[in-house]
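Common to both upcoming complexes is subunit A, partnered first by subunit B, then by subunit C.
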Partner chain A sequence: MIAITPATVLRRRSDVRYRRIEGEAVVLRQSAAEVLVLNEVGASVLDLADGERSVGEWIDALAEEYEGNSITLARDVLAFAAELAEAGLLEPVAGRSEP
Partner chain B sequence: MSLSRVVATAWRENLLFSVLLELTYRCNLDCFFCYNDLALKGEPLSREQYFRLLADLREMEVMNLTLSGGEPLAHPDFLALGARARELGFVVRVKSNGHALRGELARRVRDEIDPFLIEVSLHGATAATHDRQTRVPGSFDRLLANLRELRDLGLRVKLNSTLTRWNEGEIEGMLDLADSLGLPLQVDPEVTPRDDGDREPLQVAPSREGVLRLFRLQFARGRAAEEGAPEVQVARGGDDGTVPTPVHKHCGAGSSGIAIDPFGNVYPCVQWRRPVGNLHQQGIGEIWRGSAGLAEVRELTVQVKERIGAEGPGSHLLNFCPGSAAAHAGSPLALYPAAVQRREALEQVMEEERKTLLPVVR
Partner chain C sequence: MSFGAGFLRHPDLFPARRAGEPWGDRALALDVAGGPYLLSGLTTAQEEALRRRFGSLCGPAEANGTATQVFRAPATDFLAIDTRGWEYTLDLDPAPDALQVAGLHLMARLGWTPALAGALWTPEPAGEEWTSVCENYLRLLTAYRLLEEGGALLHSAGVSDGEWAWLLLGPSGAGKTTASRLCLEGGGTVLSDDLNAVLFHEGTARLRKLPFTGDLGERAGGPESVPLRAVLRLAQGEEEGLRPLSPAAALASLVAAAPFVNCDPFRRETLLAVLERLARAVPAWEVTFSREGGLWAMVKTIR
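So, the complex of A and B:
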């Protein structure tokens, strides 16, 4: 499992293609010919994974978009980011993640 | 949400998901049964119009983009359009005859377009048959060399073949050839009239025996696949379970997919040549939302669902295509010989399978 902290900067892998359909994301990982469907938060995470913003900045952006407990949101986003990285959809940007 | 539910949603809500672009009808082969209307005239879409179209399609959240032809690589802007499609995040497929896909061009396709899949036409297991269909001597040998090169470049390639009277005796050989190349082969058991209605291609439509042979092979391979052997994929070979059945439409023609010819004419599907708009007059968004022709097509797909459902329990074996029906019989609702032949052949082979698998009672 890849360790993800709020300072980690992630980007979508180059073989990932996705589109939003009715709020959800249809994702294709080309190299594996795998299709996934992510919920609305997952779709937002894919949008945010631009290789520029840190996971902490994602959490801030999502907290503005979705109401709810910010601690729970932060925990969920960190776990979700790790899952997406594990699934080969996201990768860390070398040299961009703060210590 | 599963993928089938996404597809069902796209059909139901008319969400454009897949677009096929026929970039040009120019081709470096001359296949006898080619369905393109080579006499069709019009003003080809410019590079700028294609760029505008791609931007609009991105805005509409279209995911799948197929570059086809003719031979799409014969379009002077093929690489530029493919690269733009990649930049905009489309899942790009290229349908090619493979004749020019080698060397520097093949590398540029990989590096600049990064297609999800390249679909290449295979016409036979021997040079005699393949070249007879393409009417270009040497095309078979060149294709095999190109396929090996594409594979070595790491490009994902699938072979497509249309079953014809000329190649139906070589199906096993074509499958062996595909296996030796490590590539999947999909066989379409249906030859269609040309897009202008010319029925000349039907002269090489497969025989009943040829279709039976294909389906027997498909079933036999299906059994062997359980032990790890490669399967044969059959296009239009019966309901494969991927079509979302709860939807009130027969297919996604005009509801989740469209095709666009080199002159900007928009059709509900590559198979269904009923123009519903033209990009020289309107943007794709305007056509998608406001075309009366598209509204009719969507309604027709509802009627087709009812019409085919009335055929009874074996109706899915027809793998009915309203576009083919319109081309063969003049109406998208009419049963046509190739679909009936397919159902009969499948029913026969399934019956043979049942007898084979029944336990012997003494």
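So, the complex of A and C:
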């Protein structure tokens, strides 16, 4: 299990392809035949996983975009990022985690 | 398992070029979606077997089309496979400009130089075994050709009332053949209960009949096409009904139903674009049906 903190920097794996379509995202891993559908927030997380911004910055960006409890949002985003990393869609960027 | 190891005795000796010893000097063209497909290097017996299988879709090999040369391969090149209860598969090895294929008594190579062309090596001289090898190769070739035409081959059932067509999707066991039979009993026609072609014509998605059927549908039927009314994801249950699917859910189902190409990392991006166009162009529903219910009447309400 990959430990994800707000300082972690993640990027989409190079074999991940996705399409945003009416808010949702359809995600393919090139090396596997599986297809995933992510909701609007999940699609936004994929957009944000550019290998530049930390997970904490994702949370800030999503808090601006979506209303709601910021503590709950932070907890959900950290958990979701861990799930996507576990599923092989995201990977940590070596040496890019913020202090 | 490395490429070909499930089918071939010497996978490392897989032909590196589209070359070999032709079986004969006969040739024919097949008028199938994405075609015509020109097959050359056939014996008379192989040609006649294909004419029996594909009937009026066969024509003289004069037109331009996607060429495939057929070559001999020694039977000893292939592993003996017990096909009782075996689900047919092909082993694919994609590359940017080529695709190697191994299967039951077949080796094949597709190449883009830049036009798509193929080669098929088999030890089958004639008969049902030969036509099965050839049909399995043609299914693959059709998938790649349709993609070049901005269309797709879809593992699906295609049903029609003559004016419109509906595409029924679902994984193996979802009930495509059962659903096809229910539509047939209700008065509809079945284009194929196994593989269908979707192509765009003047901006409209159309379902085109293919001679690749399971238990239902006409192998030798003409190349008719019908405008596509909706994509339906099948679910079996006691309470029948229709539930709208989001375009993303429809796209995911379509990608999962696109054989061969959806496992090809060099062409999946194109496939995604083609199927996204389809998912945006045609409404999608999840249809829950029972064996005793009125599936066809429910399908026809989608207008």
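Definition applied: the second predicted complex is superposed on the first by the 98 of 99 C-alpha atoms of A that agree within 3 Å, B and C clash if a C-alpha of one lies under 4 Å from a C-alpha of the other, contacts with A are read in each partner's own complex, and residues count from 1 in each chain.
By our rule, a residue touches a chain if its C-beta (ideal position, glycine included) is under 8 Å from a C-beta of that chain, and two chains touch if they have at least 3 such contacts.
Remember, predicted model here, so these are calculated numbers, not experimental data.
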item: Contacts of A:53 with subunit B and subunit C, given as first, second, both or neither; value: neither
item: Contacts of A:22 with subunit B and subunit C, given as first, second, both or neither; value: both
item: First (subunit B), second (subunit C), both or neither touched by A:30; value: both
item: First, second, both or neither for A:11, with subunit B first and subunit C second; value: neither
item: Set intersection of subunit A contacts, subunit C complex versus subunit B complex; value: 15, 17, 19, 21-22, 24, 26, 28, 30, 33, 35, 37
item: Residues of subunit C defined as touching subunit A within the complex; value: 246-249, 251-252, 255-256, 262-263, 265, 268-269, 272, 276, 279-280
item: In the complex with subunit A, residue positions of subunit B that touch it; value: 1-3, 5-6, 9-10, 13, 15, 17, 61-63, 89-91, 114, 116, 156
item: Parts of subunit A lying in touch with subunit B, wherever the complex brings them together; value: 14-15, 17-22, 24, 26, 28, 30, 33, 35, 37, 39
item: Subunit C-facing residues of subunit A, complex; value: 15, 17, 19, 21-26, 28, 30-31, 33, 35-37
